[in-house]
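The structures considered in this document are given below.
One chain, chain A, links the two complexes that follow: it is found with chain B in the first and with chain C in the second.
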Partner chain A sequence: MDQTYSITRHVCPRNCYSTCSILGYTKNGHLQKVTGDHKHGYTKGLLCAKGYNYINNVYHPDRLKYPMRQYPRGSGQWQRISWTEAIDIIAGKIIELNHRYESNLSLALNKYSGNMGILHHAMEGFFNGLGKTSRAVGNPCWSPGMDAVYYDYGEHQTSDMQDILHSETIILWGINPVWTSIHSLNYIYEALRRGAKVITIDPVYTETAKKSDTYIQIKPGSDGALATAIAKYILEHDLFDREFIDQYTVGWEELRDYIDQLSMEEALNQCGQTIEAIQFLAERLAKHRPVYIWMGFGMQRHRNGGQNIRAINALAAMTGNIGRQGSGAQFGQRATWKFTYHILNPFPDDKRNKAGVRPLDINDFANDLQKQQDPPVKFLWITCRNLLTQSANVEELKKALQTLELIVTVEHFMTETTQYSDLVLPATTQFEEWDIVASYWHHWISINQPAIEPYYESKSELEIARLLSKKLNEYKDHFSAFPTDMEDEQFIEQEFTDEFYQALHIKDWRELLNGPRRVDVQKTAWGTMEFKTPSGKIELFSKQALDNQLSPFGMGLMENGSNPLFPYILLLNHEPFRINSQFQNLTSFKKISREPCIYLHPLLAKEKGIQRYSMMKVVSEKGEITIRANFSTDLNQQTLVIFPNHPLVNKLISFTAADMGKVMTSGKGNALNDLHVNITKLC
Partner chain B sequence: MTKLTVIHMDQGDRLLLYQLFWHYYRGDLMKLTTIDWANLAELLRTMTVLCESEFGNQAITKFDEVSEETLESFVFDYNRLFVGPNRLHASPYESTYSNFEGTIMQQETIKVRNFYHYEGLQVADEGQYPDDHIQYELEFICYLLNQNEKGPDLKLFLENHFFKWVDKHCERIEEHSQNQLTLAFAYLLKEFLQLEKIIIEGGEPNVN
Partner chain C sequence: MAKKLGFLVNIERCIGCHACEISCKSFYQLEPNMRRRRVQELPEDVVGTPVRAFVSTACNHCDDPACKKACPVGAYTKREDGIVVHNQDLCIGCQMCGKACPYSVPMFNPVKKKMDKCSMCYDRLDVGQLPICVEKCPLEAIQIVDYNEVQPANAVSEIPTFADTSITHPTTHFILHKPGKQSRRF
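On to the complex of A and B.
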C-alpha cells in the first residue's frame, strides 16, 4: 500500500466570485482531504465552508451512481441501465426526431452556471455540432448589469482586489461579501487598517453592514434614485471632478441638464434617505478619494436594474473615481476569459445544415418552450442547472415539460428537476475530470486535473458528448460534428492561443499544473483610460442605449411600481452555506437550516398578528405559498427576505423583464427582486 | 424474540445463505421467475432452523407466494432501497451507519478496505466503488468461510463490521419496503444474522 499522498490541483467551478483553487490529497485512489491552494494570488490558500466540505460532496451516499431511467416520467420507478443503453435511447430519439421534423430544431438544451468550467461547454458544442437546434439563451443572474457596464465602458473589467488597499472610501453597494465572497474580506480589512472607511448600502442590515463604519438602509431597487440624489447634491455643491469629466466622459452637459430637472425631494423619498445621508455620501465620493465601489448583483434584478448600475457608474465617473488606483465601480469582468472556445464551435461540415440557435429565453423558458411549434421542442437536455428550483412560472414549466418526449438530465444528485426527467446521467465532480476555470471577479486562471477515478459509473460531460456523437455518426455519417477522437487534454490545449499564453506568462497550459496564473490585465480597471465605447470615453449619455429604446442616461427616478394589493417587497438573497440549490444535502449544513422560512420585521409581524415560527401565507400576483415565519430586525417593515434554495418560492415568481440584458446575454434579465407580495397569518 | 430449538447451521448452509445474499446485493436475482423463487423457498425449507424461526418462516412463505405483480415492482423497490437515484432508503454501505455524517469512503470504508488488503484481496476498480458495499462484505465473508484456517479472521470481520450495521440496514428495509421480495430478504437476512451471532458470539470453538 502506498503511504504517500499525491497532490492534485482543482478549481471550484461554482457560480461564485472566488473561483477558488483547491488542492486534493489522494492516497490509494481515495481523496482524503482538500485544502486551498496557496499559490492562488487572490484566494491565497483559503476555501469557504462549502469548499472545505467537498469530500462530503464527492463521497455523499446519495450521489448518483448509475445511468437510470424513469418510466413513466415522474412515477419514481427507476431502472438501472447501462451507459450503452442510455446512449442508444438518446441517439435513437435524436435520429427519430430528425426524421420526423427534417431538422434538429426539436432538440433543446438548457444549460446554466452549475459548473463554469470551459470543458463544461461540451454539451453546447455537441448541440452546435448538430446544426440548428433550440437553446435556452439569456442569463438569470447578471444580464442587466452586463449591458449597463457595456453601455458605459464598452467592456467588462474589474480591478485586482489589492487595489482596494489604496482606497480612502469603500462603498459596498448591495453586496454582502461576509456571506458571499469571504476571500475579499482580507483585503477590505487590510484597507480598513490602512485608514479606509467602509460604507455599506443595502436594503438589509447584513453581516457586512454590521462590520462597516456606516450603513445606509435603502428601499429595494432604489439604488438609481439614491445615486441620482447624490449626483444632484454634487452638482448643486460643485463637488464634481471637472477635469476628469472633460477628459474621459461624453454627455456631461446633457446629463447635468437632465439631473437639474429631477426633484431632490422625490429622489429622497424613493430611496428613503435624508439629505444628511446624501451629503455624507456625496462628500465621501468627492473629498475622500479614491473611492472603491463594489456593486452587487441584487440591485440589477429589478425592472430598472440596468439603470441602477449605470447610475452608480455615472456617479463614480462624475467624481473622478474611475481608472485611478484604489477607485472604480466594480461589477464583474470578462477580460481574462481569453479562451478560443473551440469546444463550442465544431460546426457541421455540411453547409446545408448550418449551425444556429433557435432561442428560448432562459428567464421565460416555460412560455418560450410552448410558443415554439414549428417544430415543437420534443427533446430536452438539462445540464449544470436545477431547472425546477430556479425557474419562474414553475407550474407552466411543469406543464410544458409534459409535452416533451425525452428529458435527459446530467447531475450529481437527485433534484426536483431529475424527478421530472426520463433519463438521469451521473456526472463526475471536479475531482474526477479535467477542466480550466476563470473567474468573473478576480484575474486568475486555474487548472483542474483528475485526482480519483470517476466515482461509480459517472462520466464527464465531455465524455458523454463524445459517446453520443460517436453513436449518432454510426447511424449516419457526419450527423454530429462534435469530435469523438480528441482527448480531454487536447480539448484544453485548443482553448489557448499564443497571445493568451503571453498574458499568463507561460508557454504551455501544463504549466498551470504548477499553480494558477494571473492573466496580465491592468491591475486597476480602466487604468489606461482607454474605454471601448463608440466614443472611446465613458458614456454618460449613451446613444447605444437610446437606440435600444432605453434612457440615454443611467441616472433617473423610478416609475411608480407599487401595487396596493401587494405592498411588500420580497427579496431573494443568498445565504452563506449554499449557492441556490447547490450544497443542499450536506448533512452538517442541514442542521443549520432545516426548513425554508421567510424573514420579516417583528413589528410588521405584530401588525399582521403573525407569531414567530408560525406558518404564514405569502401571496404574489402569480401565486401563494405557506411558509414558516422568522423574525429579523435587519429588515425594514416593507421588506421580506427568503433564501431561494428550494422550489417553494418559485410559485410566487413569473417573468418580469428587467430593462437590460439583450445586448450582452441575448435576453433581458428577470426582475426577481421586484417581487411584490402581501402576507397574512394562517387562520 | 424467536425461540430456537436448534441453533446450529452447518457450514454448507451458512455458505449457501451468504452466497444467496451476495448474489441478491450484486443484483443477480432481478430476473428470476415465480418458479425460481418457489424453488428457492423449497431449498430454504430444508434448513430446519430457518423454517422454525419466526422471520425465516415468513421469508420462505413470501418467496413461495411471489406473484407476477410482485416481480414487476421488485426492481423498482430494490433500486429505491439500495441503488438510487433517489436518496437511498436502506443504504447498502457500512459507512452510512457508522460515519457521523453518513459520508461514504471515509475512515470507516478504509478500515474495511484494509481488512481486505490484509487478506490479500482488493475490490476490482478500487476507489471507484466503496469497499464497504454489502455485496463486497458478503463476498469477503464467503471467501473466509470457505477456508477453515480463516475462522478467527471471519469472527473478527463479522464482529467489527458486518454485525455492527446489518441489523440497522434490515430495519430500514422493513420500514421502507414496498415489495414482498425485498421484505422477504430483509426478514431472511435479519433471522440469519441472529443465527450467525449465536454461532460466532456463542463461543463455539469451531465455527466451521
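On to the complex of A and C.
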C-alpha cells in the first residue's frame, strides 16, 4: 500500500526533549499521514499525540494562507495583501527608519523557540546582515541551569538514555517525562525491569511520580535545600566517595566546612521533608550506585534556580555519581550542536554599519523596549513565538507595542500576538521546507525535507529573509548582507564541517536523507572525566561564580522569600498536549484536555470557601485574574498549578531575576516559579 | 480451536499519552473529531487513592456484539478469530450500532455519512503486522492476546467506568496499576 505514497523525512522542530524524526506520506501533493521514523535511535519510530496530529495542524481550517494586513492595528480588520506589497511595506519602513535615525537600531527582533531548526535562524541572520540592530536576548527556559552546569563542569553534556539501563537508582528530580518526554519512559521501564528503583522528587505528585517506586514531595524551589540536607546526612555518616572527590573535584574542603555550619533542622524545614526521607535518599545515592539523576527545568525557574542545579550536581559528585556508566546529573546538552551557524553571520561589507546587537532582555522585554531612547525601537519583527501569551509584564508590553510604527509577525495561525501586529506573514510548516534539527537532550540529528508545496502563499523564513534582503538592496546597494542568491540546500551545506561529518560518520549532509544520525559524543556524560572548568575538575567551590557575585559553594540554603500577603506559590507546569501556546487549536486535543483552570488542593479550597469548577480570584504583586478552580490532591496545601499556555497567567507575572543565566545565555532567567499569590473565592 | 483475539491493556504501563489514539487517527485519516480508540483518566477509586491512572480502549470485539445485533443491513460480521468487522460499503449510516453498543464505540463519520469503528487492524494482523496502536504505544501497554490460548496473570475484565460486561461479553482485559511509596508531608 505504501508504494503509492511518496515518503519524506521530517523533524518535529518544537521545543521538546524528543525532537522526533517523522516520515510524511504524500499522495497527489497532499500530505496524507505521518508516522515516526524507525531509523531514529532514540525515538525509534514513535511519536507523541502532538506528532501524529500534525496533519490537522498543516491542513487546519484556520491556517494562514496569505500575507495579511491589519489596519488599524488591533481593529480586527484584516485585508489580504500580496507578498510584493508586504515586502514593500516592510522594506519601506526599514529604509525610512534608517534615514530618520541614521542607524538600524530602531529595528528589533524577538524570536524564541517555536521552531528550533537551524535554518530558522534566518531572521537573526537577516538582522545581523543589517549591522547593529536591537534584539531580544536571553532565554526564558533554562538560563540559570545552563550557568550552573557551566560553573560545575565547564560545558553541557548528557548521557545516552541507554545508559540508564546500568543504573541501580534513578532519581527523576523535578521532571515529569510522562508529560514532557514520553520516549524516555521506555528506557526507564526497562531499567525498572532490570531491578532499578525509580524515585521522583517533585512538589507535585505528577503522572511520573505515580509510576515511580517512591515519591518524595518537597516545597517548590527547595531542591537545593533538600540536596543540602542529604549532603549533611552523607557527611555525618561518612557516606561520601572520598576517592572520587580527591581525584575529580576541587573545593571539597571549603564546601564541607560550609555545609557543616548549616542547620539540618533549617534544611528540613525549607524542603518540608523528614529525616527518614533524607536518610533513604542518602543511602540510595551512596549505596545503590550508579545513580542516574535527571533534573527538570522547573526547579531552576526560581530566584535560587541556578543554585538548585549546582546543589544537585555537587550531591552527585560527592557520591561519585558522575562520569560512570549509569550515573550522572543530567540537565541538557549542547555537545551535538556542532553547526557552523554561518546562517547567523552574513556580516555587512558596509563598514559604517558595525554588526552586533543592542540587547533587550527577553525576560524583561516590555520594560527594555520602553527604555530605549536613542533611538527608540520603532519596528518589531516577531517570529517563532507567541509573544503576547508567553511574556511577563503583559500590560506594559501592550503599552510598549503602541509606540511602535510597524509590527510584523510570522505565523501559521492568528494568535493573541497577531492582534497586536500590522502585518502577518504566513509561514511554512516542517512539511513544506528544508531544515536540520538537533536536540538539547539526545544525540541525534535529523534532516527535514519538503513533502508538499507551501500551503497557499506561505513561505519559509529563509525565503522571507532573502526576499526582504533583495528588496532592500534594490533601494540601496549593500544595505543588507543576507545572501539573496543561495539556495536552501546551500544554507544547509554551509552548516557542516569535516569534523562534524566525521562525528556523524557521513561524508555529505544529503546522507541524512537516508535517516537521522547519531553524533559521536561520549555515551556517558563526562565519561573521560575531562572537565572544561578552569581547574579541569568538577568545581564544588567555583571562583568563577564568586567573581560573578554568586555564592562560590555548590550548595546552600535558601533566603527567606516568603511574603505574608501572598502566601501561596503558583507553579507553571507544562501539560502533555501543548507546547506553550502551540497546538492550542486542534479539535482532538480540545477534547482531551479540559478548559484551562487552576488546580488547588481541596482542603485549601474548603478553607477558602471555593467550590470546584467555580470561579476564583488569584492575586499576585503584579495583577489579578479570575479563573475556574479545579481540585487536585497531587498538590500540597500551599501550592497551586496552572498550565503556562493559559494567556491569563501573564497578568500575574513580572520579571523576577533568577540568580544565574548571564554567562551562557546573555541574561538571567525569569524566576517564573517564584510566583507568590493569594486566592479568594469570587463573591 | 478458533481464536478469541482481544486487547490486553496494561494500566500499570500506560502513561496516558494518547499516542495510540492519535496514531490510529493519523493512519486511518479520520476526520478531526473522530477516533477509534480513546484514552480516559480513571477515577481514583479504581486503583485506590490517591493514585490515578489512564485506560485506553477501542472496540472490545465482544463475544456477543450488540452492534452486530442492532445493524439492520448486516454490516457487522464476527470473524473466526473474534474480530468484529464493520463493512462500510454496506453501512447505511443509521447509527443503530452506535446506540446499541454499551461502550459507544461505533462513531458517525459526518463526511462519509457512515459509521466507523476499530477493526483491530485485521488487514495488518492478516499479514503479520501489529495493529497501529499496539505498534505505536511508546510503552507497549497494549497487546493483542488470544484469550482461548492464554489467561494473562493479573488481568481483569471489569473496571469501574467500564459498562457491565454481561451484556456483550467484551474481550478486552486490563492489568491494574500498583501504587508506589510516598513521602508527603508539610
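The rule is short, and it goes like this: the second predicted complex is superposed on the first by the 678 of 683 C-alpha atoms of A that agree within 3 Å, B and C clash if a C-alpha of one lies under 4 Å from a C-alpha of the other, contacts with A are read in each partner's own complex, and residues count from 1 in each chain.
In the analysis below, a contact is a pair of C-beta atoms (placed from the backbone, for glycine too) under 8 Å apart; a residue touches a chain by one contact, two chains touch by 3 or more.
These figures come from a predicted structure and were not determined experimentally.
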{"item": "First (chain B), second (chain C), both or neither touched by A:Phe491", "value": "neither"}
{"item": "Greater residue coverage of chain A in the superposed arrangement, chain B or chain C", "value": "C"}
{"item": "Partner chain in contact with A:Thr587 - chain B first, chain C second, else both or neither", "value": "both"}
{"item": "Which of chain B and chain C A:Tyr112 touches, first, second, both or neither", "value": "neither"}
{"item": "First (chain B), second (chain C), both or neither touched by A:Asn56", "value": "both"}
{"item": "Contacts of A:Trp444 with chain B and chain C, given as first, second, both or neither", "value": "neither"}
{"item": "Which superposed partner A:Trp381 touches (first chain B, second chain C, both, neither)", "value": "neither"}
{"item": "Partner chain in contact with A:Phe127 - chain B first, chain C second, else both or neither", "value": "neither"}
{"item": "Chain A residues contacted in one complex by chain B, in the other by chain C", "value": "55-56, 586-588"}
{"item": "In the complex, chain A residues that touch chain B", "value": "1, 28-31, 55-56, 58-62, 64-66, 68, 76-80, 414, 418, 424, 426, 452-456, 585-588"}
{"item": "Residues of chain A that touch chain C when the two form their complex", "value": "32-36, 46-49, 52-56, 178, 182-183, 185-186, 189, 205, 207, 209-217, 219, 272-274, 276-277, 280, 576-577, 586-588, 591-592, 633-634, 636-638"}
{"item": "Touching residues (chain side chain C, partner chain A) in the complex", "value": "13, 15-19, 21-23, 25-27, 29, 32-33, 35, 39, 49-53, 136, 138-140, 177, 179-186"}
{"item": "Contact footprint of chain A on chain B as seen in their complex", "value": "27, 73, 75-76, 79-80, 83-88, 91, 93, 95-96, 101-106, 110, 113, 117, 125-130"}
